[in-house]
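Each of the next two complexes has chain A plus one other chain: chain B in the first, chain C in the second.
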Partner chain A sequence: MDIRAQTAVVFHLDKCIGCHTCSVACKNIWTDRKGAEYQWWNNVETKPGTGYPGKWEDQSIYNGGWVKDANGRIQLKGAGKKKGLLNIFHNPSMPTVEDYYEPFTYNYLNLIEAPPGNDQPTARPVSLITGEPMDVKMGPNWDDDLSGTPDYARNDPNLAALTPAERSAMFQLERMAFFYLPRICNHCLNPACVASCPSGAIYKRGEDGVVLINQKVCRAWRMCVTACPYKKSYYNWHTGKSEKCILCYPRMEAGYAPACMHSCVGRIRYIGVILYDADKIEAVASAEPKDLVARQLDLMMDPFDDKVIAAAKANGIADSTIKAAQNSPSFKFIKQWGMALPLHPEFRTLPMLWYVPPLLPVMASVTQTDGAQKDKLNPIAKTWTDNWLYDTSTEELWGTVEQARFPLKYLASLFAAGETGEVSLRLKKLMAVRIYRRWKTVGDIPEAKMTKALKETGLTQESAEAIFYLTALAKFNDRFVIPAAHREQAMEMLEFTGDVKGSTGFGFREKPERGM
Partner chain B sequence: MTKHNLVHGRLLALAALTMACALSAPANAATGEENFAKICGACHSIGGGKLVGPDLAGVTTRRTEDWLLKFIKSPKAMIDAGDATAVALFKEFNLVMPDATQYNDAEIKDIVAYLATKSGVAAAATPPPPPKEASPAEIARGQNLFQGLERLKNGGPACNSCHHVKNDAVIGGGVLAKELTTVFSTMGTPGINAILGKPPFPVMAAAYAEHPLTDDESAALVGFLQDADKKHELQQPRDYGFRLVWSGAAALVPLMGLYSLIWRKRKVRPVNDKVFDRQVKGGDDVAQ
Partner chain C sequence: MELSNVFLFVGLPYAALVIFLIGTIQRYRNKGFKVSSLSSQFLEGRALFWGTVPFHFGILVLFFGHLSAFLLPGPTLMWNANPTRLITLEITAFAFGLSTLVGLTALFVRRLTNVRIKMVTTKMDIFLELLLLVQVVFGLWVAVGYRWGSSWFAADLAPYLWSLFKANPDITAVGAMPWPIKVHIVGAWLLIGIFPYTRLVHFLVAPLHYITRPYQRVMWNWDRKAIRDPRTPWSAMRPKNN
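And now, the complex of A and B:
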């Protein structure tokens, strides 16, 4: 048992309102620089949709992630010594600026500096790459809210898992739905970007598992850009180095949540430590597709288990980190309650960003009303002219899970390597908590039905209550459980702090001078 | 004689000597001899017979000093200007003497002065003995030395770094310096030996200054060059003419086929191409 600590993140998709505040917070802090304008370390996609960069999930285009070879061992799909050498002068799977978008700004100054004339001055779009005026053709969230469109929703790579009939049913106007998928770097346990880097510039931090690119070592091979199946490593054309999400480690080391999580309006984001067994990584990453989710859960160890704690201490994991792991919202959602799923586990990178699947857009049905409701209303009340009702209630216990507006196969393609059982179990759990709360607060659901719902999903009233609390009421410190970074210990490994004892503080970068 | 007179007399004598020296100084035959050995000796002898260039015994009686100075300074300029003697020399020796760009006028004058002191030496009556044939082992060694298969003992660069010889046995050499296929007919054993021993060309001199060739290496190289010269007419590389172009074009087709097979899964178009196309065309391919 080789116990290590990993910062794991949970996004609760039912709560995401698609406001892009996270993306803007991230952009303002990290990527508002020349060469980084097109980099969205955090982005929010509309699903069904093609995402950013376009069709990133389709590895027949980008050749990212891992695949199993004939011997059952995993290999990088598009990188490695042989493939790297073959493509040394031109990597054929590399995303181009057209796959992202040409970053642009507007010539705002023209609005106030234009000379007097007959026409109203305009702010023309200007390319941030060439500086020339341009026609804006694409943006980082061009598919926002455009479910059902031929350009985006119908090109979603996950639709490949569906039959044509299921696909067209999904986009019937009455059944049309969508949800948001915010994405950051997954800080995977088996990162393909790290494995693919010929310069050894990418590394996974031992203390918290954050994956970083050393900007001094990066040699612009850009193998990480193609190898990352989530396309979360970006090449900065100005500095000639690749960059990626750093999980705001300077903030985390100071005890703050990453900016995207801190600013999240819907409070969908949870961050905490999990303890995992690094000995099992290769075996889990090579598991059969249907077992991938279950085996990944096996990887995560119980932080209350004495053996695990002893092994963690033997590996130098601080007591504060173990305590944070016991308190971790991520551990609760992912392992304890089993409510979250990893995004595209079939890429075999063992992502450490898990998603609580969206219930509402999937479950809610649209039924025709008989006009009875309208009769009850005041005659002058404004009513919808159509006679359709958006309905989230259900007569049968799990009826709507089976008849979801999105076929479960679609969600399974996204979150469970095609294993629909994993998705329906989590949807049922979400639903059970709702049924429990409705029984408790509204009281129009019989207790027997509530008990049955909890029992069938393996929940108890206490756990349902805890899930409800962490979902709906959780405060800052419940959602973000960040252990002390212990930078002082790291520093003591590099230098003897006693050397500066007796001098003022810990020394000066510039010595103060006497006088004015 | 008083002491004063004695000093006075010595001073006068010194002054006279100085005057004499000053008058005769413009050309110092001693320096000239040194330079001759260093610069000219590789190709010219005085009374030793024809080497690469003519025997210079009595040259100052044949030509005027002015002509000699001009010719040494830049033989090429003289030939280009159509000087009859220079052109005749060029025709006889089929070789242009290198310009003396790195030597100043005074140094050239010294050399001419030295030549003048030797004006009495008679030109060699008999031509030098015919070159002796090298043994096959020597030729093979020369061949290896030439293309660097055998390292030169003192670490000098192999000949084919700069020189080319048309010979099927060796790979093509550089084009930085003169092609040496027929150098043997032009220069003969003594000429080549002299150049290898004391290269008169600045680049070659610099390259071999610290890494001189040994005598047996020079002999082997001369043997090889002689052999190459003798055989060079039999060693015509084949001329493929346009067939080369056509075969290249024909080979390109399967090569491109192979490439498209290897990289058949490459990303040819950006994934958003259809979206862009539709924006430009205005929605032609969208089912309404």
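And now, the complex of A and C:
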């Protein structure tokens, strides 16, 4: 048992309102620079949709992530020692600026400085790369809210899991739905970016699991851009270095929540420590697709188990970190309650950003009817049967998970390597908590039905209450449990204080050694 | 004439080597961030393929070919003693020279015509690519016009280079060479001299260590086994990540 600590993140998709505040917070702090304009370390996508960069999930285009070879061992799909070094002069699967979008601004100055004339002056869009006027054809959230459109929604790579009939049913006007998928770097346990870097510039910090690119060592071999299946390593065309989300480590070291999480309006984001067993990484990453989710959960250890605590201490994990792991909202959502899923576990990077799948569009089932009510309405008005959307009778509910507006197969392709069982279990848990709360606060559900719903999903009244609390009422310090800032260590992650230890104070660049 | 030969084949080489050594070290230490291959594939990928691949494979073979003839003149001559082997060697080298020329021309045209690439092009890039073009063109000319270069290089030029490194320069052979060869030699010294101040530096950081390292890299700031050990307060464990 080799226990390590990892900062794990949970995004609760039921709560995301798609406002892009997170993206803007991150952009303002980290990527508002030349060469990084097009980089959105945090971006929010509409699903179904093609995302950013376009169709990033389709590894037949981008060749990211790991695949199993004939011997059952995992190999990088588009990089690695052989492929990476052979393709170092020209990387065939590297996305170019068109796959993201050409960054642009507007020539606002023209509004003020245009000479007098007959026409109203305009602010033309200009490219942030060349400075030339350009037609804007693409942006970082170009598919925002565009479910059902031919260019975006219908090109979603996850639709490959559906039959043509299921696909067209999904995009019927009455059933059309979408949800938001905010994405940052997953700070994976088996990061493809780290493995692909020929220079060894990318590394995972042992203390908190943050994956970073050493800017001084990066030599622009661009392999991480290809290897990361989530396309979360970006090439800065100006500095000639790759960059990625740093999980706001300077903020975390000081005890603050990362900027995107702190600013999240929907409060969908949770961050906490997870203790995991590093000895199991390779085996778990090579698991069969249907076992991937379950095996990844096996990796995470119980922070209350004495053996785990002893092993953690032997590995130098601080008491405050262990305490944070016991209090971790991520651990609760992911492991204790089993309500979250990793994005595309079949990429085998063991991502440490997990998602609570969205319930509402899934549960909604809509039918048109000729009720008595209809006669009273304008003929073009739509009426609905009684038992749609927020149906509270449990029989109906369990029945509708499978015939949801989004086919379960769609969500399973996103979050469970195709295992619909993993998705429906989590959706039922989400619903069970609602039934429990409705029974408690409204009281129009018989207790027997409530008990049955909890029992079927393995929840208790206490855990349902705790889930409700962490979902709906949680305060800042419940959502962000960041181990007490080890300030003395935090500083040393950037600068080695031992260099000046034992001298007359800080400031010497040289060891104060005795002269000759 | 004699004086200019001394300048071009003794003064220039020593100046170039000194600039190369000191410049590289100084640049790596002070401006290490700038040591990068500065790839522009992100801005343009297709035309790059037809330039960069033939260029790099070509120039690598040519570079190591020249290097081995310099380091191992004896074995080179021995290999060339058999005409079939000599001709095979010469034709192969010439083919890679052509590949370098084609690739370099494609790269140069791309650099001059693509608007986005122009934005990441410096004056030094233009100068360097021109110098390289001249160098390759003269190299090909010499290969055709003054045949069996691999042999006379090993016989006449390798001793000249060795004499430079032995600090006892002997330029009688070089001085008597026809002028296209002289241009090629001077071009080589110029390239070595400007090397630290161009994007060529990425050659020195070629990531060969990738072959032997394990795929995953995890770095601890502290030695995690010793951090709780009361016996180690004064031991300075330098973290690897800074």
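Here, the second predicted complex is superposed on the first by the 458 of 516 C-alpha atoms of A that agree within 3 Å, B and C clash if a C-alpha of one lies under 4 Å from a C-alpha of the other, contacts with A are read in each partner's own complex, and residues count from 1 in each chain.
Keep in mind that, in the parts below, a residue touches a chain if its C-beta (ideal position, glycine included) is under 8 Å from a C-beta of that chain, and two chains touch if they have at least 3 such contacts.
Please read these numbers as outputs of a predicted model, since none were measured by experiment.
In this overlay on chain A, chain B clashes with chain C.
In the superposition on chain A, A:Met94 contacts both chain B and chain C. When the two complexes are overlaid on their common chain A, residue A:Tyr436 makes contact with neither chain B nor chain C. When the two structures are aligned on the shared chain, A:Met138 is found in touch with chain B, with no touch to chain C.
In the superposition on chain A, A:Trp337 makes contact with neither chain B nor chain C. Counting residues of chain A touched by each partner, chain B versus chain C, the larger count belongs to C.
When the two structures are aligned on the shared chain, A:Lys55 is found in touch with chain B, with no touch to chain C. On chain A, the surface patch touched by chain B in one complex and by chain C in the other comprises residues 92, 94-96. Contact residues of chain B toward chain A in the complex are 262-263, 265-267, 270-276, 278-279, 286-287.
Residues 50, 53-55, 58, 60-63, 86, 92-96, 98-99, 101, 137-138, 142, 150-151 of chain A are the ones that touch chain B when the two sit in their complex. Those residues of chain A whose C-beta lies close enough to touch chain C in the complex are 4, 76, 80-81, 84-85, 88-92, 94-97, 129-132, 190-191, 194-195, 197-200, 202-207, 214-216, 218-222, 225, 235, 237-241, 313-317, 489, 492-496, 498-499, 501-502. Chain contact summary for the complex, chain C toward chain A: residues 32-33, 35-45, 48-49, 52-53, 55-57, 115-116, 118-120, 202, 205, 207, 209-211, 213, 215-228, 234, 236-239, 241-242.
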